[in-house]
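Common to both upcoming complexes is chain A, partnered first by chain B, then by chain C.
Then we have the complex of A and B:
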């Protein structure tokens, strides 16, 4: 395990280097973005270049960035006008709430459906869940989001307005964690909690569907495969009830590839919900990152990349631990 | 209340609230609920925006969105006036007294004396005095961003004299016919409270003030309210406003980056006003009795810039051929849904001296072909037209121009380029042709100087890198001329020259366009792009 953790710092240095280079390969000048579309004064432009260190050689700029990073300084965002660290703290909770809920939905619905499908191959239930999961997997989630909004909100008026975490006249619960669901509980306000969940639900379901489809398909395949293994036949011949065989023997083994996929999916939920965030006006990291990229906002893009990379690394470590829990043969010395 | 949060209780409240939400929402959604004349939240306007201010320091902002917004919080001595046309209030580019009760100009046109309005107070309670004016103008000159760089050619801090507590005189170094127009812009003319600024870090050259970039203390009818980044920011009414409290209690700006979502929210009456939806969406609103589309020509041109320094556009015949080849009406129909006003000059229609009768062109492919042949391109020509990826209006313009050019034997490649690269490329003159539509202050001297003077080539605004020494001379001459008749003559001369040279292909006047619920009253557009919430109210 220690060896795995030792690999983390070099991974991060690599990520900063690649991101930094990619950002600077794109032609464009952040100072001009900052000054706007119209006429600009070259003296002001030059002053900004000096102030932001853009007039210095790339390697020097990179070393400067690393030096600040080590001191915990992520730099200043030119498109928001705030320190990047402050921005990340501000936008992260919305993304965390959305990603976690959609992940929970994908697992809570995907695992039972996958087991059902795998245990009853070629029945009606299996066909339905296979077609459904294929549909969810192949449908772009932002498009599904637009349909949810158009039908659920606009035509029927059943769903909350696509105005992010709050309705027009709502106020946010007093911030403690920044997670509205948790803050409302801390404030002892059940109404605010229900509202937070209510606004969270449509984007979370939208975001969960592709992962849900993937879980169902993965799990079905593994269950079918595991059910044909010798140890399952042994268990059956011992007279273990088929329920017990399915849950105690088959599911546990079948989950291993699914957990790997889920790990990747969780990371993707964090970084890949840009379009879903946009259609629901969800004020998360995705929208912030898109803005940052458009503005050539180097520090902000670096900050987001590091954050997402950190999450990926953390989730992968967690996945490794989960293997050990699921399968006693796996253990890390 | 310290509610006991057991899991069961939680589920129960959630289900109940969700159910209640469903019920009220469903009932509230019935169209007749709105038609019955009940206006939701009558003292609050919900404004859908896709941007957020970068900075709230009025002397350091350079983007239009922030300037228009801050003009409701900070105020200048003089401001754009309205006039009545057929019983309707319309905004003009003419400047008149605002925080100054009156302005007198000396005979030589150099000394401006401002008599201040009485009873004007900052949100923090301090009064507006002559010292405040001197401090604010000095601060603008010290920060020296935006139009301040232009104004500082005519004055320095030494030009400002406090005559008495209510009177300030500015003595310019030379005649500046557009001095008051420059002062009307937020980022030059805004009055700030010296006590507040000095208590929070003061003034630094070329830089915004950290505290003022997040907080405000102006004299305007609205104060800055809560700001939740990525979600919303708001104005709160200043009940102590010198002209009386505004009709609205709050203006809530909701950040909705997706236009399709903005459209749905407007149709459902949750948003009251949105800025510049894409044309296809605006088209869906035409004929909707609940929505008003309000449009005006801004000071700017939606145009196809050409790189005048390099082949093939260094040849005036090729540039003229482009103007003849492209049908602006077709582009207006497709890219702006016919809502824009076709260009009939290199100058936008709202500027002093604009004379459409001087425009010699009309759509004529045969003439275009003849000019191309004359320039030696009878066998055809390859060009490329760029736009910033994601801007559908510019994309449509480029694509339609491509089709039109094919008719005259010009093979145009259309390229969508990411925003950041696009801006740097056009400022550095790296693209042969591109579609752009900027906005400028309603000052003809400023417009001509930025777009057509060879000294402004590149980042300063002459993105075509146009260079005509005769035009340069005339622009320099105009900058020092105050007499209206003489000015008119010079502007006409310049217009003839740039109309002949056509450094770019003007398509239509920059389009300022808002869609708002018909219950929003008092919304007035100004050619400068400004909007003011002071006279706005919600009523049937």
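Then we have the complex of A and C:
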């Protein structure tokens, strides 16, 4: 495990190098961009270059960039008019709330479906859940989000408006964690909790479906594989009921590879959020990133990229720990 | 057996023939293949299949619901959706082929070299891959796309770069196993050059996992490129790329105009499903552990 942890800091350095290069090399001159298309007085340009340190060698600029990162300075966002770090802090809770709920949904629905599919191979239920999970994996989630809004909100009027975390006239619970569902419980307001959950559900379900599809496929494959093992035959031949075989012998072992997939999925949810948030006007990191892209707001784009990649790596390390706990055969280092 | 080991190319030829036979018996992957062949035919014969010019503006006939005149309706500029989807097949299939072609074409040789030579070369290549794989693909593709600027082929490059590391890591793993094989040792003992060993003995034997990954990867590339178009980074108007078309219909949706966004989404779903089904079938066929089949 120590070796696994030692590999993490260089990856973080690599991530910052990528965002730095994308920020400073590819998009051209930020000073020119800042001044706009019109009047570009060369003296003003040179002054800006000096002020921002753009006239210095690239490696020096990278060290500056790192120094700023350590201080929590991610630059200034053109489109929000605030420091990027402040924006990220502001938008992160909404993204966390959405990611956690969709992850819970994907697991709560995916594990039973996967077990069902794997235990009853080639039955109607198996075929249905296989085809369903493939469809979920094959559709663009932003498109499905639009369909959910059209059918659920516009056509039937069953679902809340796609206006973000609450309706136009609702007030947010007083912030403690920044997660509306938890804050409303802390404030002892069941009505606010129900409302927050109500607005959370459509984007969360949209986001959960692709992960759900993957979980079902993974678990089905491993259940089928485990059920053909010798120890399962032994358990059967000594008279263990088939339900007992499935849950005590098969599921426990089949879950091990699935946990890895789940962990990666949880990390990926933060990125899957991007377009789904934009579709549902969800005020999270994803919606912020899409706006930043459309505004050519490079500091904000790379700030989001850095944050999402950092979370992804951190979650993956956590998953490896879990894996080592679940599977005593795995020892790192 | 000794005979086969001495002529790996013969064994590989047989392996592919057996694989093709088994694929033919796999129902779902055949469905995938049929879907893809149909789309390829539609793309190739687009001028014949499409009832109208995909970019012809008709202000009088805009936002028309699906009808006999316009089977899938018209968009904000009165362009025929069906014709745009038919021509869009050209773009989306090209995106899949080019993005995966570049990613596998660049990533595989790097992975083979890393796995075969090991040491410092291996370390250098794999550390770069570790960093690239530390980004979720959608976010890396968006960041690259934002840095490169809007444009269909820039978006395709962003998608390709995003996928390179995956192919490199896959090829490296297979090469590590392959280079220990007896026939590689035999070739080396006969004095074959590294290039000959890699090209003739190592590469043909690691190609099947790359093929499996490429098939599923094509579907994924279509999804990624459509996502980039959806936020305005990929194909630019009036290009009838499917992801861009979904974006064009997005603001009409809340006025009840559902057909602009819905149909291109279905087109994307069917193509990605085709690649996924075919990829599943190929994996089952090439996977030596039959356990994952059934």
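Everything below uses one rule, namely that the second predicted complex is superposed on the first by the 290 of 333 C-alpha atoms of A that agree within 3 Å, B and C clash if a C-alpha of one lies under 4 Å from a C-alpha of the other, contacts with A are read in each partner's own complex, and residues count from 1 in each chain.
By our rule, a residue touches a chain if its C-beta (ideal position, glycine included) is under 8 Å from a C-beta of that chain, and two chains touch if they have at least 3 such contacts.
Quick caveat: nothing in here was measured; it's all calculated off a predicted structure.
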{"item": "Chain B versus chain C as contact partner of A:47, first or second or both or neither", "value": "first"}
{"item": "Touched partner set for A:240, first chain B, second chain C, both or neither", "value": "neither"}
{"item": "Chain B versus chain C as contact partner of A:190, first or second or both or neither", "value": "first"}
{"item": "First, second, both or neither for A:268, with chain B first and chain C second", "value": "second"}
{"item": "Contacts of A:172 with chain B and chain C, given as first, second, both or neither", "value": "first"}
{"item": "Partner chain(s) touched by A:163 [first = chain B, second = chain C, both, neither]", "value": "first"}
{"item": "First (chain B), second (chain C), both or neither touched by A:137", "value": "second"}
{"item": "Chain B versus chain C as contact partner of A:150, first or second or both or neither", "value": "both"}
{"item": "Partner chain(s) touched by A:228 [first = chain B, second = chain C, both, neither]", "value": "second"}
{"item": "Common interface positions of chain A, toward chain B and toward chain C", "value": "26-27, 146, 149-150, 154, 278-279, 294, 296"}
{"item": "Complex contact set, residues of chain A against chain B", "value": "26-30, 32-45, 47, 78-82, 87, 90-91, 94, 146, 149-150, 153-154, 156-166, 168-169, 172, 185, 188, 190-191, 193-195, 197-198, 278-281, 283-284, 287-288, 294-296"}
{"item": "Residue ranges of chain C touching chain A (in the complex, touch as defined)", "value": "127-128, 130-132, 134-140, 142-149, 219, 223, 226-227, 230-233, 243, 246, 250, 253-254, 256, 258, 261-262, 265, 268-270, 272-273, 276-277, 291-292, 294"}
{"item": "Chain A-facing residues of chain B, complex", "value": "1-3, 5, 10, 13-14, 16-18, 21-22, 25-26, 28-30, 41, 44, 46, 52, 54-55, 62-64, 144-145, 149, 206, 213, 228-232, 252, 254-258, 260-261, 264-265, 267-268, 270-271, 418-421, 423-425, 427, 436, 438-440, 450, 456, 458-461"}
{"item": "Residue ranges of chain A in contact with chain C within the complex", "value": "7, 10-11, 14-15, 17-19, 22-23, 26-27, 121-122, 134-135, 137-140, 142-144, 146-147, 149-150, 154, 221, 224-225, 228, 267-268, 270-272, 274-275, 278-279, 289-290, 292-294, 296, 298, 301-302, 304-305, 308-309, 312-313"}
